[in-house]
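Every chain is named by a letter (A, B, C and D) in the order it is written, and numbering of its residues begins at 1.
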């Protein structure tokens, strides 16, 4: 059923970046699988928070804590993807040679570290 | 039904805080509904990221961006819950009188702002 | 000599906020003195980083660490000022009565927490 | 005169990292000069905040704002040093060859981004 719905929030049409094709900078299989596993766990956690909120007497701070915990789990996903990205760039720096572009791309990616 | 499934990630048994009963500091219905709506949307967004990751050629930075967007959505949930919490404390400060305890509780809640 | 120079970076003319006079929300003497002491210490730390940078062979990560440590010290200043601010608002909430305005002011102040 | 005072806050004896000598990863002169200029400006800003605090009627939120502005200036210093550090690592990756070590060092440096 979920498959029939638009895959993402309306504001975010999830366009595939042109970089992917250009540089062949794909996620290595291990990092991709680890990310999937962690994101599924974060989704389960989020479902738990939604169940908490069904209780009208839920305490504010308990919700704040759990939402922050989900954010922490998402930060770990981004940390691991960023590490894979840095590794790719460093490993291919010699062949590519365009140090400035590589540095720009890495600094751009760092913005998504949280 | 929800009660039969484990309510959350194993590390987080989600104990109901003693504060809830003590101070009656519950989420007001409007903030609770808004939080549920926003968290459902964040969950849909997360499912979209999981579908992205099914593609072996997904680009690292695209995933980083989407995960950060989900975190931003979760921050808005906590911002709105925190506002409700602050409002409750300010509104009842006169009856309660224990300024120091109120300030401690508010400063504690602020830690979950992200 | 410092007194003859403009008191702050050009972009920041440091106008006294209209709120100060309006609500009488001044820093209590103890927090003000503590802030002065901590900021002087942060300034000393910053001077230490400047001396580090006189050495042409200074290592990047050493500078990154020290600059981050100064930022941490500044965060503690803001944490303590924020606590004083919250205390003032909670303590006077009963007399003032305008809960919405108080909440808006507190949420505004929270933005400066880092 | 400054040289006679302890160079830094007591908790931070500022030991020169062993990495500096080992890898020769020094700050390039341009980034070093830019950092000095920016840190001097941050120090001037901090002195401005200290003068603000001499006024017993200073408004809390005005201080919070200025302290946060100083932190923002320090973040820019670290951003620029980090960029220089990434550039060094990428540029020398081919000669060094030890991708894993380079990635570890870069990920370590990222922790100081704020």
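What we mean here is this: contacts are C-beta pairs under 8 Å (C-beta built on N, C-alpha and C of every residue); 3 or more make two chains touch, one makes a residue touch a chain.
Because the structure is predicted, anything quoted here is derived from the model rather than measured.
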| item | value |
| --- | --- |
| Those chains which touch chain B and also touch chain A | none |
| Computed distance of Cα centres, chain C from chain B, in Å | 28 |
| Chain B and chain D: spacing of chain centres that average the CA atoms, whole Å | 33 |
| Overlap residues in chain A, where contacts from two or more other chains coincide | 82 |
| Touch-based graph of the chains, sorted into line, ring, star, complete or other | ring |
| Sites on chain B touched by chain A in the complex | 2, 7-9, 12, 14, 16-17, 19-20, 25-27, 29, 32, 35-36, 39-53, 56-71, 73-75, 77-78, 81-82, 84-85, 88, 105, 108-109, 112, 114 |
| Contact set on chain D toward chain A in their complex | 82-83, 86-87, 89-91, 93-94, 99-100, 102-103, 106-107, 110, 113 |
